Each structure stands twice: as C-alpha cells, then as structure tokens.
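Next come two complexes, and both contain chain A; in the first it sits with chain B, in the second with chain C.
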Partner chain A sequence: MPNDTPLLSLEGISKDFYGNSVLADVSFSVGKGQIVGLVGENGAGKTTLMRILFGMPVIAETGGFGGSIKLDGQEVFFKSPFDALDAGIGMVHQEFSLIPGFSTTENIALNREAMKANFACDIFGDRMSVLDRVTMRGRAEKAIKRLGVKLDPDMLVSEMPVGHKQFTEIAREINRENVKLLVLDEPTAVLTESEAEILLKSLRHLADQGISIIFISHRLHEVTTLADSIVVLRDGLVVKDTPAKGVSVRDIASWMVGRSVEAKRTDRSGRDIGDEILVFDKLWVDMPGETVKDVNLSVRKGEILGIGGLAGQGKLGIPNGVMGLYPAGGSVRFKGKDVPLNDPRRALELGMAFVSEDRRGVGLLLDEPLDWNIGFTAMQIRGDYLRSYLGGLVKLRDEEALKKLSQEYIELLSIKCTGAKQRAKELSGGNQQKICLAKAFALKPTLLFVSEPTRGIDVGAKELVLQSLRHYNRDFGTTIVMVSSELEELRSICDRVAIVDEGSIAGILLPDADISDFGLLMAGEARKEAADAKA
Partner chain B sequence: MIKKTSIRRFFADNVVVIIFLVLTAAATPVSGLSAGYIVQEILTRIGRNSFLVFSLILPVMAGMGLNFGMVLGAMAGEIGLIFAVDWNIIGVPGLIFANLVGLPIAIFLGWLCGEVLNRARGREMVTGFILGFFMDGIYQFVVLYLMGSVIPMRSAAITLSRGYGIRNTLNLDSVRQSLDDLLMVKLFGINLPIATYLIIILLCVFIIWFRKTKLGQDMRAIGQDQIVSNASGIPVARTRVIAIIISTILAMVGQIIFLQNMGNMATYNAHRQTGFFAVAAILVGGASVTKATIPNVFIGVVLLHLMYIVMPRAGAQLFGSAQIGEYFRDAFSYGAIALALVLHAWRKMRGVEIDRAGLRQGVASAAPLEAIEPIKEDTL
Partner chain C sequence: MQKLKEFVTDFGLPRIIIFFFLIGLFVAAPFVGVRIDTSISDVLNRFGQNAILVLALVPMVQSGCGLNFGLPVGIIAGLLGGTLAMQLGLSGWLGFAGALAISMPFAILMGWLYGQLLNRVKGDEMTIAMYVGFSMVTFFSILWLLLPYSNPTMVWGYAGQGLRTTITLDNYWGQILNNFLSVRIGESFFIPTGMILFVLLCALIVYLFFRSKTGTAMTAVGSNPDFARAGGVSVDKMRTISVIVSTMLGAIGILVYQQSYGFIQLYQGPLYMAFPAVAALLIGGASVNKASMVNVLVGTLLFQGILTMTPSVINSVLKTDMSEVLRIVLSNGMILYALTRKTKVSK
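Then we have the complex of A and B:
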C-alpha cells in the first residue's frame, strides 16, 4: 500500500484573508482506507482547510488559495461543494443538517430520491415523478448496514436520540455510490461516551471497506485510538504529521497548544487577595452557541481569574448569564448575597460590570459621542453625572462633569480620538475597546467581567488593554474575571486560569502550569487529572 | 399524568376548532333554522368555497405560511370571467374560456408574487397581504380605465355608460351555476352539485398525488429547513415560486367556481375578502401556519359557514336584530385568525422552553439516550 498513489494529497496549501495568513504551506496525504486525525485549536486553520477542500464559494470570493489538491493523483479544482460531492468527497458537519419531519430513509435519500417516471414528467420535467419509496428504503438500509449499526429506517428525525441523528447523517454521505473520502467535523461532540464508541467502531468498519476518512476532533483519546495517522495544525502550519502508533494524548495536547512563551506567576506584591467574593453554583445559561450547563466556581476578592476554553464550549456564556443578557438559572452569590439572574440592572447595581465581547452591539452607542458612551451606564445605574432641578423632579445631564470624566479616561487609557465629542463608531477597534473599558471603570465596580478584550485589535493596542486591566486591578483592588480564547493572554495576566469544556469547568490551573495540561483540559481529557490550583 | 397532559395537549392543538364547535352548537338551536335548510346551505357552500381554500395547502407545505397572495389568483379569475361574459360564451364552455384567459395571468401574477416573497423570507404572510392590496390597485386601473379604451370590449351591457370601464356589478347569467347544474342530483329533497364535487375530489386526488412526487417531497423539505435543503442541492427559491404559482392558479379556478355559483360579481370588491375568508376557513378547520391538510379544509368550510348561516338568525332571535349576529360572526372569524397566529408563536416559544429544560438541572439531567446496538460482523 505505501507505494500506491494516495487517495487525496494536499500540496503546499496556503491561504490568506486580506493579507492575514491563516494557512501556510500545508501538505499531507490520505491513503485509501486510511483514517487521518486532524487536530488543532480554534483558529488553527482546520475549518479553512476543509472549506478549500470542498470548493466553498467563500474561498474563491476572498482571492482563492495557493497550492494544489490531488485526488487519485489527478489535480482537481472544485468550484462548488457539489463538485466535491460529485468527485466522491462527503462531509459531515458539526451541526446536524437533517430535516426534522422526515424519516431516516427520507433524510438519507434527501434530493437523491429514487423516482418512477410518469406521463407528467414529459410535460413538466423530472420533478413530477413519484418517489419510489421501496427502492429508497432498500438503499437506506444498505447504507445503514454498511455503517454497521441498527437504525429504524422509518423513524422521524425529530423523535430520534442524538446518536441516531449523527448516524443518519453519516449514512446519507455513504449512500452515494462513489464516495471515497469522508470528512467528519467533530462528529462525537454531541454524543455520549457509549455512542461515541459505537461511532468510532463503525468508522473503522467503513475504513476497512476502503473509504478514507478525515476525522476532526477535540477529543484526543478518540483521535489516538481511531486514526492511522495524526496531523496537528497550529497557527496555519502543520506542526506534526505522524503515524498514530505510540503517540500519547499528552503529546498531541502539547503540540496543539505549544508555544514557547515564558509564562510566570503573577506578581502578588502590593495586592491583597482575600476570600471568596463571587460563587457560582450549578449555573446554566442558554446562550446560543455558547451554552453553559453546570458551572461551579468561586472567585476570590482582588484576583484576576481567567476563563479559557475552545469556542462553543460555553466560556462566553458565563459572564453573559450572570449579567442577565441571556436566560440563566442556578445560583450566583456575590459578596454573600444572591444575585437575581435575568436582571441586568440588579447585577450592575450590585457592583458588577461587564465589558462585552460584542463591542459594537452591546458595548457601545455607536452614533453617540465618547463622553456619553463613557458616562452612560454610570448615569443610568448610579445617577452620576446628573444634575437635579426642582427637588429631583427633573434631572439633566451634567455636561461639565461628563467632559471631565471622559478627558480623564482618554488620557489614562491613551485613547486616540479628536476629542470627547467624537462619535464612537469613528474610532478604531482598539480604541473602541478602550472606551468600553472606560465605561465599565466609570461604574467603579467591585467586580469586572471582561470578555474577549483583545479580539480583533492590533498587537500594540492589545498590550495596552491588558496593561490597563492589570493596573486597574492593582490600584483599586477590583476583582477581574477575564474570558478569552487566547490562552497566552490569560497566562500572562491571570492569577488562576479556569478552563471550560462542554459547559462546565474542566479544571483550574496556575498560569505557569505545563502547557500540555492546558491542552488536555481544553480537549476535555483527563478531567480527573486536573489538579486544583492553590492560589 | 400522561393522559392528563395528552388531553391538555389535544385541547391546545385544537382550541380554534373546539371554540367554533361550541359556538355553533350553541347558536344552531337558537337560530330556529330547519335541519334540511342548514344541510342544503352547507352542501352548497362546500361546492362554492372549498376549491378556494385548497389553494392554501401547497404554500403551507413549502413553509411559506398562509398565502394571502392568493387574492392575485382571484383577480385573474375575475378578468377571465369578464371576457367570458363580454364574448357571450354561455355555460360550461364559458367557464372553460374564463379559465383559459385567467391561466396566463395567474401564472404571471403567481411568478411575480413568488419572486417578491422570496425577497421577504420569514415575512411571507404580511408581504402577501400587502401585495394583494397593491395588486387591487392595478386591477382597478386595468378594469376601470383600460377595459373599453385600450382593451376592446364588445358588450355595451357590461361597460359603464361613459364608454370605458366595467360596471360595478357584473351579471353572470350566461354562466350562472352552469357547472353546478351540469350534474345536479336531488336526494331526499336536497340538491347535490355532483359535477362541482367531482372537480373538488379531483383536486384532492391531485394534492395527495402531488405530495408523493419529487417536487412535493422537495417542498416538504424546504418547508422544514431551507438551509439544509439548499445544501443538499434542492433549488429552494425556484421551488417556492412554483408553490406560489400553483396556489395562484388554484385560487383563480376557485374564484371562477365561486362566482358561477353566486351568479353575479361585484367587479371591484369580489376578491377583497377572498383571502381573508379562505384563511379563516382553513384555520377554523384546525390548520396552522406550518401544517394544513385536506380534512382541515372540509372541517373549516363546514364550521365557518355553519356559523355564517346560523349567527345572523340567532342574533335576530336573541336580540331582535340580525345585525348583531353578523357583528359576532365577523368578530369571531377575525378572532380565529388572530388566535391561530398567536397560538403558533406560543407553540414556538414553548418549544424553546422545552429545549431549555434540559439545562436546568445541570449536566446530569441530559436525557439518557438509548444505546445503539452494534450489529455483529458476521451478519453483514
């Protein structure tokens, strides 16, 4: 087999979005009947790579890509996903793409139904032919059998357990006669452990029948047990392409996140870290795409606590839930008092503030001047910067005080603007972020949630934002809970880093803990191994 | 426990039907109308109205909601009838002629309506409603100004005395009840328009057959998830346009059947309420914005019209004024539409709430799923 031409080979694939390189010289190949595990953090380039492979229009729209894709030794150019499907590549996405009111059979045969022609076809075309349900059912059963599982061909998708849906989806892909390669993006993410096991078994079963598989997963132990070879992507580069034999979960975890940045424990001098100030107990938050299921966590007074984890695992849901922006439940206690959930005003009044990851949507009044933006929440919640007339009947903005306030923060955070009356939407991303921070600072909170503070801003501004958080914490003793996708950033500023996985806390680590430990937690591995960090 | 919730569920799903059943059951004895009269009226109205109501089924199946845009089809049918009367084609041939004239107009208007609705996804119902008002203006322009001036009209009897434009009321004597009388059977003193019924049955068969075709399957898929359907290569926009075109054509035929039974036509008003009555009927029959079946049509037509028949008389008996009964029946029909729309939104919200319930008790509550049994190797 090693001498054969591989089924698929990617050669020197590179791609940049408007000068921002996301893939550089990615090459690897997939042999016939081989399973390749593709691993990488969010933003490592996996999704972009698969989009290129599938000829998604977004790639061509953003200037195409470099390098070449060879299928069976022939160079191929896919103009649309349908070309890729015709060439025998099937894709199973992370989200189910099934029709809920259709049966297993109807979904497997979706838009490839067997048909019987009749007189109406001659006049109105093929779409008037009647479906041949017997043949459809037969084909569906064949595909299910090929998977090696038991599925009821007549069950409606809406009544199925999640595992069955996943299998239906895979059965649909292998129902094509010519399917040679299957790409599975996080197929086990929604499955229980026993279901995942059965899935892995049937994937192996498929590979034995000669179908090649690219298996993308964050569950590293699945990758090590299933894959024949493992490709690790980091920052758009292939950092490792190795046979799976003898590779441990820990190895992959460190390849995945490993950067050679020095992380050290934060400087504690002159800071007073006290007792628990905020305690989460069984917190759940229904934030679409960032669902929090069961978070138990306590935050100490005066510390900077980092919350990290992969996208979609629920880290963003935590601050959004506490601050009442998404439906939430469970219990949150702040300074010993219960925090009423689903009530943004009460949360703010208790002395918590939130810098949202959605800067332009939640964070700013884009069409208003900077001083209003900075003073807005303080005016609403604390009644600051207002002047009372007629014994409090009429309250008007105190423009003078607002101006002073904004001048103060513009200098403190070195915000680049023409003045306090410039409109917020005219600023750059980094300066907008600083306005958001200033707005939260103006509330003089006891506890500050900061969500993705450096997303989408340039390197210099990043450092300034982090610096100002650090100083604010040191000078005022404000407790800060910082949520970020960038592990390095968390490790550089936080006293402790909690990692969220599948909607709950997988573990808490000190910033100087071994990088592979972070990787293991993020991948949902070795939850038990996670040592409780002592602050 | 389970029984109790299933009863409550049945009630919640059919509350509109139940309210109408109770109302008409209470009003019928009060009205003092004879059973024979009521049965005759209902049977006539089934023949008159159900075809129009059927035109709503396909767009619901394609996920486009209740097609208020069917009014466009009704206008096409009326234009067909104007020409049939003008050319003095009598009886069933006149109806066929009206259909032939109306067909290209209905196809064009249906295509237009479909294209517009494709640009207003998620707001099909209100867009269709307003589109109906807009087209009403165009219709008035064509019928009131162009007919007789630009479009040659032969009969002076139907044009306004100023020489162009069509009279307010169009006498349809030439085609009056020609379809109903084609095969009228008298049974126990009750007249049954068998030919009309046959056409309606034919339409039912067509709808049942259509559901089984590839196009019907595609419409069902699109109705449930446009994104998934698109990803699997189903031409979503085109299929939605086809659904609206078929609906518009059916509405055209339905309006012609309706008007031949009535025997005359209010040239500028006949179509105004068509969409409203059809939508009220199908909702009263238990349909929703996302689901409509053949029984819904018949139940709805029977219930709604039973109310229309008995309410004015019941009002006259109770309050000495038929007017009050008429107020009631209008209020209840509008109420039925509003209630059905609110219920639809409420059910959607309840669905989200049920999904969220899984989160409330934390991870442990994630419902245990039945394990999938692997098949042994040797069985393959």
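Then we have the complex of A and C:
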C-alpha cells in the first residue's frame, strides 16, 4: 500500500461484559482502498468489535472499552453511531434496515434528502421546504453507478429481490459524500450465489475508488477471493493477520477453530456402544432461524453424539423437531418404532428427554420452586411423585418424594441453592442449567438431547455440566445427543461429531479429526470442494 | 424487628393497612351507635356468600387465563340449576342439592365453550371474558322471558309466563345452609355455620385439586406454557379444564349466595358480580397469574368487611342515608385500587 498512515487502525482494543472478556488486545489496520476480511466463529468477538468501532451505545453502557481507534492517524472516540457516520464510516448490517414502502431513491437519500426552498420558507422557515426529487434521483443514480450495479431508482423496496435490497443498503452508505470506510456484516448471507458474485464485484469496484472495506463473512471462499488481507479472530484474540495472497480456505478454517487444547477422546472401553437406536430420515423442522431441511443421521445406542455447526444452520432445529416443539416432518425411528412428530408427550413417553437451549423460556418454571422444576415432567409423563388416597381414587402430589428427589440432585450436581423450595429464577445461570439437567435425568431417559448445555454459564459450571453428562452416559448407558456451538466442547466429550450446514448434515467426524476438517465442514466448503472435484 | 419486617413483606403492606382500617372501623362503631355484634354477623354472612365466587376465579388465574371477568357465565349456569330445581318443585335440602346437580352439566358445557373461545384469544383473555360475561347476561335476559317456566312462584303474576326479576326462595331452600348448625346468641348475633363450613369444604377441594397431577400441570401452564408443553402437557386442554372448573365453582357460588340472600336474582343481576370477586381476590394478595386459598379467604374477609362496615359507620356519623352511594364508591374504588396493585410475575 502506498499510504504511510493507514485509514483505520485499531490498537489494543479490549472489551469485557461483566467481567467476561470478549476481546483482548485486538490490533489491526485497514489501508486506504483496502479490503480486509474479518473471519471468526460465532462468539469470536466480530460483532462486538464492529460495535466498538461504530460507537454503539451498548458499549458505553456496559463500561466502555480499552485501547484506541485511529482514523487517518487521528485518535477518534465515537459517542454514538452518528459520530461514526460523520467521520465517514458506513455500516451495512446483516438485517436490512430499509423502509419497504419507499423507493430505492428515497431509501438511499433517507434523512439526507435534497431540499428545495419555496415561498413558505420565507415565512415559516426551512421546515417548509419540499423534497427536490430530481437532485435526489441524480444522487441515487450516482451512488448506484459508483457501486457498478443495475438498480431501478424508482422501484419500491418491498418489491425488490433480496439482492437488490442489499445493494440499496450499500448504495445508501456510499451516497454520503465523505464515506471512507464501509463495514459489511455478513452481506452475502441472504444472497444467492450469483447475487453474491455481483456484490463481490461491486465491492472490488468500490475499493478501487479508494473506499476501504471491512468484510465479515462466514463464506470463506468469498473472503479469500475478495480480501486483500485477512484477520482471523478467535475467542477475542487476533490469531492471524495476513495478506490474502496464497491463503487457502483450509488455512483459514483451521485458524478459525484451531485450539491449543487437544481433543480428549472419551474412553470407549467399558462402555457398551450398540446398534442404531435413533434414525433420522429426511427430517425437516420449521424452527424460525434454525430451519432443518433434510437430515439423515443415525445415533448408536450408548454413544455421545455431538451436533455442531454455525448458528442459524439448523443444528438446534433437530432436537426441537424430534421433541415436537416445532412443526416437523420426515421420519424418525426410535428403538425401531416410529416417533410421532409434533407430539411432545409421545416423544417423552418413548423415553427421550430434552434439555432445551432456551433455559429461561422453555427449560424452567421461573416462579416455581426447584422441586417442581425437577419433578414436573417425570410426574406428568411417568406418574411419579404422586401418592394415592382413598384406594387410588385420588392421587395427590407427594411433596415428600419431590423434596427427596430434588435433594438428591442438588447434591449430585452440587447445585448452589437455599433448598428445594427456592424459586428457580433466583439461581444463577449455571445452577439453572443444572436444574434443567436434573429435570431430564429425573425422567430416566434412554436417549437424552442436550442443546447448548454450556451457553451463558461460567467456566467452572461448564466443566461440571459436561462432567455430569459424561458420568450419566457412563453409569446408565444413556445415549446422549449433544448440540453445541462450541466445537471444543463437542470434541472433548463426544464419540462422533456431526456438523450441520444449511439444514442438513455436512459430515460426521471423529473428535480427533483434523481441526481444519471441522472448519471446512462448518463453513460449507467441503461440499464445494467435492462439487468442484466432480466438475 | 426482623421477624416483623418479614411478616410485613410476606403478608403485604396493603393488606395490613386494610386490616387495621377494618379494626379501626370496628373500634369506632360503638361510638357512633353501630352495634358490633350485628356488624360481625353481617361480615361473616357476606363472607360466606361471596367466598365461593372469589374461589371460582382461582383455577383460571392459576392456568394463566387471567382474572375471570366472565364469571357471569358460571352464575348463569347456577341460575339455570336453581330455577329448574324450583320448576321441578324440589325444596329443602333436596332442592339445594338438586339445584347444584342440575347446574353442573350446564356449567360444564358452557365452560367448555367459553374455554374454547379463550384458547383462541390468548393474551387478551380478561377483556374478552368481560364481554363474554356481558353478552351471556343479556342473552339470558331474553331467555328468562321466553323459557317455558310455569311454577307460579316464579313467573310474572299478570302474564303467567316469563320469570320474575327476583324470586323468593322462602319455601324452597332459603337460608338452608346458613341455618345448618347455626349459632344464635341474643337478638342480633348469628353465625351461619353451615355456609362457612361449605365454603371451607369447597376451598379444601380446590386446594387438593391443585395438588393433583392435573392441578400441578395447570399451575405449570400458567407459570410457563412453553415449559408445560415441553413437558408433554397440552396447554389448551389444561386451560379448558381450568375454565370449566371456574365456571362450575361460579355456579356453586351463586347458589350458595342466593340461599343466604333468600332470593334468586335474574336478568341484570349477574352483570357486575365478577367485579367484587376480582377485587376481593386481588386485595387478598393474588397476582394476575398466582392465587392461593389464603388469598381467597383473607381477601374476601377484608373486602366484605370494609364493604359492610364503612357505609354503616359513615352513615351514622353523617346522619344521612347514603349507604348505597358509599357502597358503590367503595367497591369500585377498591377494585381500582386492587387492579393498580396487581403484581406481575417474571417470564
């Protein structure tokens, strides 16, 4: 790069949320007209970093950040997104922020409309001026041309295909006179392949005009083709900052997921791994944000099967669909019997249990005591913890038995609480998670689905939760299907790990497989490679 | 001191204030010429009359359907039971039991239909329920005229058809529960033992119901419907059951109320019966989706106590008869107060 001072440089950025560090000493710089690809797993800190850059109020509300941001060599401090806009930083979000009933021009010029004065302005002031549609249109056309795409300036946003919406959004950002840096958060996630290609081309076009771009994407091949340099974030650290030349998708994948910790293969000896116990055939689940399209998978008796993948690819939809919580179709066979879908009760009665990822929403009765939380499902499904009176005519809750049960699990899982009668909402996240596990254990299931068991809980509790799953599997031979976004966690306790991509299983790996293989599957690159090989 | 504080937070400051206000009224009563013994009898009587109607709200509160402003649905089932039993000429204990028995099928049917409706309007139950109550009352105002009742004590004398607005229960089952095992001391002190016992029995049954498997599921549905569904409980079914139970209790409640009052009130009678019940429950410390037997009993006692005492004491002080006005101001004021006091639970 010819410039001596880069356009933007981040120096030692660090940020923690309530003591939970998400970014530590992140430094990299973006030169003028340069495209930087920013990649990392979910939760690596990309979004937080961009929020800091953009001066989002949430950052200041949670205690600000460390380090400094320099724009054109000058240290800047944005109090709000408006400051960032004024300084020439544009942001295109994953979700569109367009007004559907407005035309392309109106959306592009929104809040920066050209005005025409008329006689009323002389009396009432500038507020009476009207829109200068000709100039607005001219500016919009200029922005569209700069982008190098074809876009009808008069089309309503509500009638546009997704790709055009994305272009409109970008055009709006570059319509600003002083825009120097454009941040794109997963701009291609909603686009078709051909649309994405056009977008990449126009981004290159913009960069050639001297606009710098930070490009965030999970589609690694896009990053390798488009970016001039690549920054890889992992767990809040910059693990790699390298020119894009000569970097392969495989390299990035392994940097993204690679961890220093070696995968601990669980010991297979002394454990009885049997035949197929659960078979999915063409399962689809309509879970918003986690759509499952076509899952074919079989689970063996007594194993711990991990299901991983990036957020939104459908891994969470699998257990939710089988347990009847979201509309599902296809066939699921459990112990040779068909599982009726969309019927939570039957699924539970067949001996499956589910620890939901939505702990507070689905997993707990926040306003009820712990013993209810633990014993409820077992009571409803198996008729446990009921005592008969009047010769079986009346069955009432057996408070004694419930209390005993919860005491047992409170000790077993070392749940920190004041007793069985404490209300669930008063516990911390990790202890709430243990209550959810206890609820599932109390059902004595043959097969246990565990969804994101360690989300939002601290490290110590994490280890305890994983430990108890491992022990439960070993001691009772319970088959466990664990869904998690944390690959390392899956590799540390699972016998096999299936990776979900775009609603179906991209591949199944052993936990000690090469990390880059996991990364490739997660980024959907393995399929592409296979397709390329065929072609 | 610590214990006192705990007690206050546990019992709720509003209830303690109302309690002391009530005590104050009792203390003030003799000085303005209101007899204490009459007052206590009145309070006990009104407590017995209203407690089951308040109790009828509990199942729907617990299942997350909110406060049953559609209580008139249950009341109408009770009225049907009462009038039909009279029409059949049943009197005394047989008459009261008959009225209960006849009202139950109506309550179950109406409750089921009402429940189906409420399941389609989740989130807006209370508003919808209020209008269900209003329209049922109006609809039955027509039916009371048209149904072929013929018992001369019930129909309009001049036309020979159509039910009267108030029907006396004198020769049927008026006061039958009140007089059972009743205690009378002197001229004006009377304890309606039978009715109080009946109320406690009903409260016990509801209490036990909520300790059953179904009752537990119902509470869970009210607490977190998603949790209940994930636990294999049919949310809609539980809600329907709660509405049916609530309607049945409403029917029983009005029959108990009327035997003590001595009259069956038809037409617009049931229109506003839900409001005092709701106020009593809320004053008893219930929230929109949690209610207990203690809330019911304490709430009814406090609400009815205030409602009995305030007008008579103030009347005597002011030496004019404005008890009816005071009663309306008070009861609606209490409802308003109670509704602003309703506590939210976390989701």
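Simple rule for what comes next: the second predicted complex is superposed on the first by the 497 of 535 C-alpha atoms of A that agree within 3 Å, B and C clash if a C-alpha of one lies under 4 Å from a C-alpha of the other, contacts with A are read in each partner's own complex, and residues count from 1 in each chain.
Throughout what follows, a residue touches a chain if its C-beta (ideal position, glycine included) is under 8 Å from a C-beta of that chain, and two chains touch if they have at least 3 such contacts.
Quantities reported herein were computed from a predicted structural model and do not represent experimental measurements.
Asks: For the overlay on chain A, clash or fit between chain B and chain C?
Replies: With chain A as the common anchor, chain B and chain C both fit in the superposed model.
Asks: For A:291, using the defined touch cut-off, is the partner it touches chain B, chain C, both, or neither? Pick first, second, both or neither.
Replies: In the superposed model, A:291 contacts chain B only, not chain C.
Asks: Quick check for you: in the superposed arrangement, does A:97 touch first (chain B), second (chain C), both or neither?
Replies: So A:97 only meets chain B here.
Asks: Give me the angle at the C-alpha centre of chain A between the C-alpha centres of chain B and chain C, rounded to the nearest 10 degrees.
Replies: 50
Asks: Have a look at where A:127 lands relative to chain B and chain C in the superposition and call it first, second, both or neither.
Replies: In the superposed model, A:127 contacts chain B only, not chain C.
Asks: Which partner does A:195 reach: the first (chain B), the second (chain C), both, or neither?
Replies: first
Asks: Looking only at chain A, is it chain B or chain C that touches more of its residues?
Replies: Between chain B and chain C, B touches the greater number of residues in chain A.
Asks: Once the structures are superposed on A, label A:329 by its partner contacts, choosing first (chain B), second (chain C), both or neither.
Replies: It touches chain B, and chain C stays clear.
Asks: Should A:282 be classified as contacting the first partner (chain B), the second (chain C), both, or neither?
Replies: After superposition on chain A, A:282 lies in contact with chain B alone.
Asks: For A:148, select first, second, both or neither according to whether it touches chain B, chain C, the two together, or no partner.
Replies: first
Asks: Does the superposition put A:380 against chain B (first), chain C (second), both, or neither?
Replies: After superposition on chain A, A:380 lies in contact with chain C alone.
Asks: For the overlay built on chain A, what is the smallest gap between any CA atom of chain B and any CA atom of chain C, in Å?
Replies: For chain B and chain C in the superposition, the minimum C-alpha gap reads 11 Å.
Asks: Can you pull the chain A residues that chain B and chain C both touch?
Replies: In chain A, nothing is touched by chain B and also by chain C.
Asks: For chain A, which residues are in contact with chain C within the complex?
Replies: 323, 325, 344-345, 347-349, 354, 356, 358, 361-368, 372, 376-377, 379-381, 383, 386, 394-397, 425
Asks: Please name which positions on chain C make contact with chain A in the complex.
Replies: 208, 211-213, 216-217, 219-220, 223-224, 226-227, 229-234, 290, 345-347
Asks: Please output the residues of chain B touching chain A within their complex, sorted ascending.
Replies: Within the complex, chain B touches chain A at residues 209, 212-215, 217-218, 220-221, 224-225, 227-229, 231-234, 356, 359-364, 366, 369-375, 377, 380.
Asks: Over in the complex, which chain A residues touch chain B? Could you list them?
Replies: 81-82, 97-102, 106, 110-111, 113, 115, 120, 126-131, 145, 148-151, 161-164, 167, 192, 194-195, 198, 201-202, 282, 284-286, 291-294, 327, 329-330, 502-504
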